[in-house]
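Each of the next two complexes has chain A plus one other chain: chain B in the first, chain C in the second.
Up next, the complex of A and B:
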């Protein structure tokens, strides 16, 4: 893997796609460096697959251009692009056996002696024994590996994966995630992976682009997206976030002090993506697992300098490694708190008054002009209920 | 051991209770088959047996026919009418190839490119069925008439000279020539080619085309390596549905042909209805059936359709 080599870079310049009056992808710029594992993450219909298909050449962009390394490929048909795709539901050729499926790309490029290469590739995906079977004789996981082998054997500059694991059950999916990651490390090809599964994107990719409604909401390494989301969509789509509406009180020394329902919350300036002049509204976010829960009687033991919110436990569910609490508070009606089961405090039961506290360093600030519920499954549920009612 | 021997009794009543509805249900499939079997016996098996016995009878219309196991009728019939047999197979094969060449692009267009016009084109394909077979064939008499547009066009392009030289047409005429009969056969059996082709093309997952393109196949290679092989079931059933009835057809040769273009269907019809030589007619029918069965078996074996998905 040569990171200075840029021949496998994928550069999208102002690329966009509209169907009539519907904009599937708003013009976007994106660079995927050679050798990286890049994920496009978003709910269905967010434009991630359209973006992928434009790179593959299966969809013609309405605007902008696609570059692979130094070469512009915007107008090239798919069969002239050094790019291969692993299709959703695999699209294996049903009339050809596994060997011929994998050899297809090589044969089309006029390569005569394919046997050795195909066998090596089938070994890489651990399907050497199945070479003479037809696709329908294989299990879903095996078919998926054939699809990967069929694409990888061509040594594409970029491998595109269109929700390749969507059809597999959970256990197999986990296994294939590791498998794909292993193959990617082994062959060092740029992978662009489209998925709606945030866990899949985070475990596999070096860089994740979260898409919503045809736009890239945020782009970065998984840890950064999770720890410091810049929009409510990202905050809610990746894991769970508690969002508190607050008003900027003062700022200085790299920190912003906010007023939330009478209490003071501290937020590092660097972790606030919204403008924060005094009087501005800001959404203060905190992940449930960053919060500590202390019974109100012990409130005095909480160290100074931590953000605090008081509330009443509404619900507690024990799930083994942790206990998940829902806390009613004045600033946020359903505060989610995950507490590791190290030492369980017997007083923390529904109805108990508690103090939630966390380090300001874990707090993030978002522009308050956005919907609080963007990216939550709950908001989608509400919409569908409304549609049914209408 | 004692527990083992004691255990079964309570199971028994349950077992018999279960058995009762099952034995009743066992006959249901046969009852359901009965109408179909009756139909086949009355309208297929019995006529076949009757024809088979007719084919080995001798005698005359005045004295009556008797079964004499006179198998020589088969040899005599084949010896006398083999040119008509060959001609039938040749015309039917030509019509089948033409149907495939005309029907495949149309079926492809309907399946992949027609979009919202799909239903309209399908209706247009089926529409001729609303008119009688005879009337449609008679209409071709007008189309191919000596002073009609087709002859005029072919003449001005000097194509009639070429077809005459090939032996497809005679002089300045198209009507009453092999070309006319093959045209009629092609026209009449074209929908039987298009419909199965369309059905099998339409079933092909469009993503397979994308996958082939993604794997460096140019559009024509995609067709050759993916689309066409996957449409083989349609090609096979389409050619069978065209070839089999076309071989036995006599209407097209009767209306559009001449005495030089008589097909085996015409011979059988004449033997049955005009010459009233029933044994020969029956023997010819059986030879035709055996020949078609043989060719079709060979064809299906060769095309290996059972391997296709």
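Up next, the complex of A and C:
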């Protein structure tokens, strides 16, 4: 696979979709490099499925254009696009057996001898034995693999996956995630995967675009998104973040020194997405697992140069590999801290006074003009996911 | 007690057999009396076994003419009602248009309206329009009352159909025509077939509406009704039995085809 070859890139240029007065997708630009595994991540109603359907041709964009490599396909109907979709409900044809389902695309393009190709494809998804069964005779996971085979057999330039694992139980989901990743590596086709499951997006994709309310919030490799989120939505939607309101005190030597509730916090300039002139408000973020917890009696042992916050443990829950603490502090009322259970300190119980400390290199800075709670459970987006499931 | 236990274990079978007998008894009578050689003009009392009527089914003046007319009307009414009804059903399920709700409920009216009332009203309409009563007025009336049944049957099927299936077909290189022929139609087929069968049966044996709007034309049900006043020829039973047997053969054939398909799959 030659990754520098851009002839198979998917390019969306200013593509947008409105339904009456409702804007499903704000005009956005997006390039998906050929051969990559790309995930569109967001809560339901964020516009990710609409974006996918516009690439498939099942939805006509209100503005902008869709390009596959050199070809503009904006006005082409779906059956003329070299793109195939795996639907959320699989949409297997109930009146055809597995073999004919997989052969459907080949036959429509007038290919006569389909037997060899179909058998190879069924072997790829390990369903060679089931060729003559009807879709309803297969389990959910098997149906899902048929849907993948039915799309892949056409060697599309891009495979679109619309929440393909949504209907499977957790264990099968994990298994299928690995399976899809294996298939993608094997066939080298560009995959665009729509999901609301942040863990799924991070495990499978090379690049993730986080969407909210019809806009792409941030785009990048999963580690980049997780370690250095640029908006509160991304910080909260991908995992958990502690966000502290602070004010810029001084800056220099590549670092910003902030004042938070009287204490000083250090933040590398490169990890701050907000403008940070002296006196500006900034949100300081830190992931719960980056924080170390030390009892206040041992505070002297904490190395110099680490960010510190003092507080009182409000709650501790032991969950096997780690213990999750909620710490009440002056700068943040519910500081989440995850501590690996390597050497447990018996004094760290609710009511104990502690010092939280972490390396400045793990700190990130966000624009303070955003909602602290964007992307957390209980915000509008997540509620609508539950509505859909109900 | 052993008898009660025996009864308890076989209650479902016994109830089933009794119901089946209740359903089939009239058919048995029709069949048995098609081999009768009645003494007078009425075929109401068993006299002696004979195959005369079976050897000469068209031996009664006018009967086979009326039978072929009824069959022709039933076929055309089925075709007309099925095509129109299926299209209406698709439109009602798939598209949002003004008066959709009204159409949705109005389509049931012909089913709810007492047949005699509808028959008389239709006659009024035809007379006021100056229409010539006969084949065409019967056909128009039959298509009209069959429509609601087809719409109901097809609608149920189309409603339960996942619209993603057609999207999947279009996504897999099927154009609009191919999508319809390869996916939409096969999936809607059981509903359409049910509507068509109902239409045929309803049209073939309709008497009330036909009688009002036929003018001097005589369909098979009208012939049977008419002859019942003067005497019932055994041939009527022959036709009835033959129709029943043909229907049974169709059912058996479709079951055999289904079984063979399943066995191939396994």
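The rule is short, and it goes like this: the second predicted complex is superposed on the first by the 377 of 390 C-alpha atoms of A that agree within 3 Å, B and C clash if a C-alpha of one lies under 4 Å from a C-alpha of the other, contacts with A are read in each partner's own complex, and residues count from 1 in each chain.
Here, a residue touches a chain if its C-beta (ideal position, glycine included) is under 8 Å from a C-beta of that chain, and two chains touch if they have at least 3 such contacts.
Please read these numbers as outputs of a predicted model, since none were measured by experiment.
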Combined model on chain A where chain B meets chain C, clash or fit = clash
With the two complexes superposed on chain A, say which partner A:318 touches: chain B (first), chain C (second), both, or neither.
-> neither
Touching A:19, do we find chain B (first), chain C (second), both, or neither?
-> neither
Report for A:97: first if it touches chain B alone, second if chain C alone, otherwise both or neither.
-> second
Partner chain(s) touched by A:133 [first = chain B, second = chain C, both, neither] = second
Those residues of chain A which chain B touches in one complex and chain C touches in the other = 56-58, 77-79, 83-85, 87, 89, 91-95, 104-105, 108-109, 134, 150-151, 154
Which of the residues in chain B end up touching chain A in this complex?
-> 205, 207-208, 210-218, 221, 225-226, 229-230, 308-309
Chain C partner contacts - residues on chain A that touch it in the complex | 56-58, 77-79, 83-85, 87-89, 91-95, 97, 104-105, 108-109, 132-134, 150-151, 154
Seen from chain A, its contact residues with chain B in the complex are 56-58, 77-79, 83-85, 87, 89, 91-95, 104-105, 108-109, 134, 136, 150-151, 154
Contact residues on chain C for chain A in the complex?
-> 162, 164-165, 167-175, 178, 182-183, 186-187, 264-266
